[in-house]
Every structure is written in C-alpha cells, then in structure tokens.
Amino acid sequence: MFNPETIKQQFPIFKQKTPLGQDLVYLDNAATCQKPLAVIDRITDFYAKEYGTVGRSSYWPATETTKNYNEVRGKVQRLLNAAHEDEIVFTSGTTDAINKVANSFLRPRLNAGDVVIISEMEHHANLIPWQQICTEKGALLKVIPILDSGELDYEALESLLTNKVKLLAVTGVSNALGIKNDLLRIIKAAKGFEVPVFIDAAQSVAHSEIDVVALHCDFLVFSGHKIYGPTGVGVLFGKRERLREMAPLSYGGGIVKEVTIEAASFQQSPNKHEAGTPNIAGVIGLGAAVDFINEIGYAEISAHTKAITGYALEQLKAMEGIQVIGDVDDRAPVISFVMEGVHAHDLSTFLNEKGICIRAGHHCAQPLMHRLNLMATARISFAIYNTKADIDALIIALKETQAFLS
Amino acid sequence: MNDRIKALYQSHILVNAKDTSHQGKLEDATHVLEAYNPMCGDQYTVSLKIVDDVIEKATFDGFGCAISKASTAVLTKQIEGKTLVEIKPFIELFHELVNELSDQSPESLTSDEDLLAFAAAREFPERKVCATLSWEELLLSLRGSMMK
Amino acid sequence: MFNPETIKQQFPIFKQKTPLGQDLVYLDNAATCQKPLAVIDRITDFYAKEYGTVGRSSYWPATETTKNYNEVRGKVQRLLNAAHEDEIVFTSGTTDAINKVANSFLRPRLNAGDVVIISEMEHHANLIPWQQICTEKGALLKVIPILDSGELDYEALESLLTNKVKLLAVTGVSNALGIKNDLLRIIKAAKGFEVPVFIDAAQSVAHSEIDVVALHCDFLVFSGHKIYGPTGVGVLFGKRERLREMAPLSYGGGIVKEVTIEAASFQQSPNKHEAGTPNIAGVIGLGAAVDFINEIGYAEISAHTKAITGYALEQLKAMEGIQVIGDVDDRAPVISFVMEGVHAHDLSTFLNEKGICIRAGHHCAQPLMHRLNLMATARISFAIYNTKADIDALIIALKETQAFLS
Amino acid sequence: MNDRIKALYQSHILVNAKDTSHQGKLEDATHVLEAYNPMCGDQYTVSLKIVDDVIEKATFDGFGCAISKASTAVLTKQIEGKTLVEIKPFIELFHELVNELSDQSPESLTSDEDLLAFAAAREFPERKVCATLSWEELLLSLRGSMMK
C-alpha cells in the first residue's frame, strides 16, 4: 500500500529539524522539489566512482559515462511515450529549452505580420522569449484569455487561429493557480491550421502521465528539478522532423560534421542540439528521478497528490477570510489563495517560523495576476511526500497568523 | 507565535502599517518617487513637497507587505521638516539599524521606538529589502537629481 | 610541502581500480577534471540537508540556498579579480556562455560589412557561434593565423584590426596543443581600435591565475567541470557596463521588473542575465571547487602542472616515432602528439587496457588540425593530481603499443 | 598486451589494415561513397563499379584507425562479385557480428576468418562505429538511390 510517510523517509532533508527546531513542511513544490536519496546517491556515485565526459572517448570511465548518459535518453523517451529516442534533447532547464526553441525554431520562421499565440496564464518563461522575437520581427503576440474561473477561454482560441499563426505555446498547468488546460482540445484546434504547438510541461511531468504521441504536440519541455531530479537539467521533446529541420539549439563542440572558418555542417539530432559538455551529472541524476517516479507509478502519484489537494482545498475553504483563487473542479496540486488583511509575504515569513514553506508573490505570471486584479497571492503546492499532517500544520499556522496579523 | 517573529511584527510595525495619516497623494508635490520591488511586487508612490531644500510634506500610496508599508509610513512621517542635507545620514542610520552585519547595537543608534522596531529585521535578512524599499529609493533620488 | 599523492587521495575515483583491474591514470583533464571529495560532499550536503530554490523566498531552506548561491558569486569575483560582484554571471558552461554573448551582445551590434576576429586555433565553441551570426548578418569572420610553431601570428593580428571590427574572441590556451596566447598583447592591440575582447578561458582557469582587471578584457568565460567543479555550470565575466547595456542572456522568470503581454522591463545584472531556475547545486559545487583551488594556491598548482608537463615532454621527445605538435618553450599542461604508423584512436584503445585515459581526434579544433595537416592527434593533459608515475606508466604503455601495432 | 586487446587487433585486422590491394580510386567507378565519422575524423571514399546489379570492382581511399581501415579493406574485398540483392544480408551479418547485444555466437554467423576477427569489437562497443563505418554507408546507399 502507498504510504506517504515511508515515501518521506526516502528524502533525507526531512530527517532533520529546521534551524528553528521545527519539522520541515515543504509546500513549495511548484517552485522546486526535494530530492530522494536514490537521486542524491546516483550523483555522488557518478562523481566518486565513474566520472568521465560523454561522446568522444574510448577509455573508461568516459565510455561508461556515455552509455549511462544515453540510457537516460531512452528513459525519458519512455516516460513521455515519444516515438524515437532522438526526439529527446537535454537542455539546462525549461527556461533554457524555451529560449532555444524561440531562437532556433521560431526566429528564422517568423516574419512581420505573423502571429504567435500564447495564453494569459503563462509563466514569464513561456511568454517573454516569444514576445521578444515577435517584437524583433514585427510579428504579433496574441493571447488566449482566461475566464473569471481561471480557465482558458477555448472559444476565444478558435477565433485567434489563422494561417498567419506560426506557433502556439501554452502551459499544461498554470504554475500560479494550478489550473489544468485541455491540451488535446487546444492542439486539435491548432492542427486545423497546421500550427506547430509548444507545450510548457514544467508543472505537469511530476504529477501526471504524459503521452506526446497522443497529444500530437510538436515540442514539450520540462525541468529536472521539479520532478525530484537535479538542478541544471531539462528536457526538450521535439518531433523528429522538427528537430531535424531546425538549426542547432546552440553551437560548439560535439555537434559538427565539418568545420572551416567559413562554414560548419552538423550531425543529426539529438547530437546536433547538444553542443558542448552537457550537465552530465544532471542527466544521470535525472535518470534516477525518472526511475523513482516509475517505481511509485503515476497512478499512485496522481491519486495521492489529488487527495492532498482536495483535503487542503476543503480545509482552506472552511476558513474565514481565505479566498482560493480560480474556480475549477479538477486542479493540479497547486493552490493559490489570499488571506484578507494579510500580505502573502508576511504570511510566508510567519509560516517559516513554523517550518512551513510557501511561496508568496506574483509567481512569475504578472499578466495573469493583472488580469485577476491581484498583487500577490500565497501559493501552496504538493509533491508525493506531502501528508495530511502537513496540511493540518498549515491550517493551524494560518489561523495563528490570522489572529496575530489581521 | 515565538519571540523572534513577535519582535519583527511588534505592535509598532503593525500599528504603522495601518496608520493612514500619511497615505495619499499630494496635490502640490514637487517630487514623486516610485519604490518598486520586482521580486515581490511591492510598490509605493511617495509624494514630496520640497521647498527651499526642506521637506514640508511627505505622503505615500501603494501596496505591499506589513514591513514595507510600515517602513514607508514611518519614512514619510519622520522626514517631514528635515532638510535635504539632514536626510542622507538619517537614511544611513536606518540602513544600519536593519543591517544584520552591523556591529552597532540598535539602541546605540537611536531611541526612537518607531525606528527601533525595524531592528528586528536583522533576524530576517531576506525581509531587509522590505524594510528599506522606500528609503533606498529616496536615497537614490537624493544621489540623483533631487540634490541639485 | 606540496605532494601530489596526498592530493590524489582527495579524489575518490582514484581509490578503486578500473574495470580491467588497473590503477586509473587520468590524462584527459583538458576535456574534464575529476572531482575532489570536498566538491562531491558539498553537493550531497546541499541536496540532503538544505535544498531550496534561489532568489524569491522567505523560508528556510530557500533563504539559506540564496545566501550560499550568492556567496559563490563573490568567490568567483575574487578568483578572477573582477571589480564588482555583479560582473559575474552563472551560465551552464563555456559553450552556453559563448552562445549567449553571441546572441545578446554581438547579434544586435553587428551589421553587414562589419568584422569579427577569432584565431585559427579556436575550439569550435569559440568559432561557430560567431561564424553563424557573421553569416546571418553578412559580416566577415577573420582569423589570426598561426605560425608553424603553433603560436599566433601577432603581427598578422595588427593588420586585421580596423574600425570595422566589432569583436575579437580568442582563447587563452589552445585546448588542442597547449599553446598559450599572449592575451595582454592581443587585448592591447584590440583596445587601440576600441574593439571589445572576449576571452575563452576554458583551458586557463584550472592552472593559472587570472586577473580580468589587469587583462582589461570585456568578457571572459570558463566551465566549472574543467576546474574540479560540477558539470552544467559555467561563468561569464563581463565588464559592468557591457552587462548593463546588453539584453538579457535569456528570458524567463526572476529577471523582470514589469511584464505585460506587449513588453517586459528587466532588472539589473547579474539578475537580469540569470533567467529561470539556475543550476543551483552546480553553482554551490563550483564554490567548493574554487575553495579547493584556493586552498592549494595557484603558485603550487602552476608549478606542479608545469613540472609534470616538462617531464612528459622530455620522455616523449626521447621516444622514437613520436612527434610532439607545436614548438613552444612555455606551454599549458596539454600535449598533442602523433605516433608514427599508429592512429590516435587505436592508441587510445590500447592505453585504456592499461587504465590510461587519453584523448584522440581533432579536439573540436578542425580548422587548426587542417592548418597543421593533421587528421587526428593523441592528447594528454594534466591536473593537480597527476604524478610522474602517471607519465612513467604512459611511456611504458606507449612503447608496448608501438611494438605491437606499428 | 592482454588477450582482450590482442583479440581486437589480432593479426587478421592488422594485416587487413595494411593490405593495399583494394586501395585507390576506380577510373570507371559507377558509384562513389563517402564514409565519414565526424567524432573522430575517420574518412573513406569507397569506389564501386556496378554492372547489371553486380559489384564488379570495389576499392577505397582515405584514412582512419586500424579497425576502420581493416573493415573497409575487408568490405571492398568481399563485396566484389556479389549482387546488390546479396549485399544487404551480408552487411546485416557483419553488423550482427560486431553487435555486443547479439545472442548469436560469432562462429554461428560465419566461418570467414577475416570477418570473424571483427567479433572482438563486441568487447569494445565504443569502437563498433569504427568497424561498421563503411558498411553502414553502403547500407544507406543501398536503401537510397543505388537499388533503383
């Protein structure tokens, strides 16, 4: 039977008290997740016992490293159900992947008067890179608006789609509100106009199964550190033909066929897109994180985080002076709320005294906050190791804060 | 609530955060400053009426956490009547008060209780930026055009 | 007294035998360096005891992480003797840093007919990014040629400099041959024409002291993994005014002031240039690597690697049928050679049987190899843990291989 | 030298790497292939004279390590006289021979000693690419225009 307490024991950070002597109640998983021992040990072993570079050596340990590195590509391929291993490219994170696709896929294909569509709930990472290139090229950035509930206005999307649209980039889940988007519907609509679709799955992969073939998206990206893996590593899935037709994501060693001062020719993907020495330890640690997820299984993970989210919503809604933002039935394990009379930052400082970690602010989604007329919210977000006891501790602390501050 | 956090939010700060006596815009402002912390979204507009290098009136408008609001309220209250020359050391004193690396005790710096209250920020270095937001902006303006 | 054997003991990988039961003789340090226990432990401790995100939180452990992360900036500032802490930007490596400066500094400043100067000995990473932008813009990429000795032709440089030159990018040390360039001379010449200078210090920082103020360079970059630090982290030094006038290196969260759908305004450097969740563990591990270097001290490091290099050169030159490439008095701890009748790749496979790691190939420097009329060389390169015994083992194995293969 | 490495470079390979009998360019070539490994720089030009779907002559030119050179030499020697239809299974056999994941013993695949010698590459997966460089290129060409 699934037991979050035994899961928690696999995460060393929870074995100790916070500097103020509290148990750590970590509720900022949408920002970054804690790491299980299996991931930490894998990284340590890599550096201590088999460290080498990848891709161009015929000596141990580099041969071993290259094998292990490429095995992770297969693991990620299976995790996303991608059709080919060469559709998986390692980047240094979601932000990095988006910027690179913006530079190498969008820029050369975008002309004055063209259109790029995003949504009103995007994280700045899935907004500014596209925005800047639209500005540079004289193209238009259009927005799928949200309804008052926080959900996307799917009908509005349909009216935005034309033959001028060169890309549609949208998040799977709002990092600020936990709203889930109906990606199948969005992608189907976009495909009617042959619009390439880019999915920001930074908030999706930790909690729910992804199938890029069923989704039929052209690109999908996520970060290792949000799925129990190391920092500094991310994944770009790209359909084979997209990755082949694109210029390299960046230029350097390991990606070339022939180089002269005048010109360079390049290998095929994925090599082509991974210039320079990659974050080898990051990729290998990411492999351990994927194993960790697979061992528990998405069914258990989704069920658990859903249960915790439901429990937290219930408790929050029962409190006076708390307003949960976004009105949807089914949400990802992310809840934003405001406490009447108490600024989210003050709340966060108070909760920290109790060992409780929450996020306060605009969550890198200023246009969304603006639309909702909010300056800042408090956000809690859950992972596989969170328990009902965590929520209980939160609710007690919220009440104490309320009594003291408001 | 433990003592650490009580000290930070002690009544002086909570009272000042709710004090509306210096809130609002000045019709006859000579200078308007925008204090903004992009990390958390706190944002204040400080209006000043400066006549002959003396700050005759100061008010503020905006939103943010209790610490930044209280510190802006205290700032606007306490600079009224000061000359531009007096303000710089006053802001520096405030910075010293909240500086966790300072070797001077808060009590050796001031006996003003509204100011002293912010010394608790020494325990919360990540909130120092809240305490100094508007003060910092005023200092920048002094260094810039305002002194001329 | 400095003793490489006690140094070696600080590197866990040398405690075990290779899979073939040999002691590991690691001579591919120009590709990547092994990690001391202090670096490995720092990363482990970070993940196991104090993991959090950086920059926007008011809870432990994120506050602790933010403090530690920014302390590394100060360490790197002091390592390079930079004037300001905000002149240090973390990237994911040398290649990443070069691509980003090419996109964000060079691209908007380069017009048709302008000139960018590099040298004939550049690593592909310090060639292709500039080349591609020159091609895009109709600008010219010009090359400081090398002499037959392998040294740069400094006189030729002077004739290349004009007011049309928008950037000069050059490596401190050739990764293929170990040739050191006279950066002071190059930069002085460039400054006569107010040309910004970009230094690829990937092969420099592990072995020799760098002083960016004395050099007066505009940019300087290196990778963590080549200075005993983690993979996936690098450093971009940029003069304050350069970093301020440049657009962000990439776009995303944590770098903005205000964002609307139409436009974004940005914070000041270094924040402005570090969009998204950085490689936090990488930066923290890099801090431990800088500490490690400082504890030994550049004086000892340089003296030791110089002595090993001298010893290796002596032994190699005494062998029949070995030709060392590049004829200079003073070289970095990198030696390229060819063995008559034996291809470098076969040599590498043979040496691997003895636990000896060398690099074979074109070393990501095809234009240089072409100039020297070489298809592939064998390369050995040294770090602080290499000993004379390593060289002796190499020489014995080289002789055996020669007897068997040629 | 240990047995592992001796097996890899056993005399058949070293002899074939130095065998110049099929080196050179064909004046009357009908097809010219370029086999190139960008990772290590090995590069061979294979010239074929194909008449009525039979490879009448095959030679090569270029440089690279002993393994890639020997395998290219063996390729050119052994495909002479074969029909295009026969070549595909022959190349597949060679791939199987060097495949470290194969469950077939080398001896069950062939008794040709020049070919068998490459089975030692099973122990050196990172060198498999050297052994198959020219073979792979020929396979690609067969899949492409050559068969038409």
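Structural remarks
Here the chain labels run A, B, C and D in written order, and each chain numbers its own residues starting at 1.
Assume a residue touches a chain if its C-beta (ideal position, glycine included) is under 8 Å from a C-beta of that chain, and two chains touch if they have at least 3 such contacts.
Keep in mind that what you see is a predicted model, and the values were worked out from it rather than measured.
Contact tally for A-D versus A-B: the pair with more C-beta pairs in contact is A-B.
The centroid of the Cα atoms in chain A and the matching centroid in chain D are 46 Å apart. Inter-chain spacing, taken between the CA centroids of chain B and chain D, is 79 Å. Spacing of chain A relative to chain C, judged by their CA centroids, is 30 angstrom. For the pair chain A and chain B, the distance between C-alpha centroids works out to 38 Å.
Of all residues in chain B, those touching 2 or more other chains are 39-40, 124, 127, listed in ascending order. Residue positions of chain A with contacts to 2 or more other chains are 20, 56-58, 63, 256, 258, 345, 349, 360-361. The touch graph of these protein chains has some other shape, matching none of line, ring, star or complete.
The list of touching chain pairs reads A-B, A-C, A-D, B-C, C-D. Every residue of chain B that touches chain A in the complex is listed here, in rising order: 1-2, 4-5, 8-9, 14, 39-43, 63-67, 69, 124, 127, 130. Of all the residues in chain C, the ones that touch chain A in their complex are 12-13, 16, 18-20, 24, 28, 31-32, 34-35, 37, 39-40, 43-44, 47-53, 56-62, 64, 92-96, 98-99, 102-103, 118, 120, 123-125, 127-129, 131-132, 135, 141, 143, 223, 225, 230-233, 247, 250-254, 256, 258-264, 275-282, 345, 348-349, 351-352, 355-361, 364, 366-367, 370.
Within the complex formed with chain C, the chain B residues making contact are 36, 38-40, 124-127. Chain C makes touch with chain D in their complex at residues 20, 342-346, 349-350, 353, 360-362, 369, 375-376, 400, 404-405. The part of chain C that touches chain B in the complex is made up of residues 55-58, 63, 66-67, 256-258, 267.
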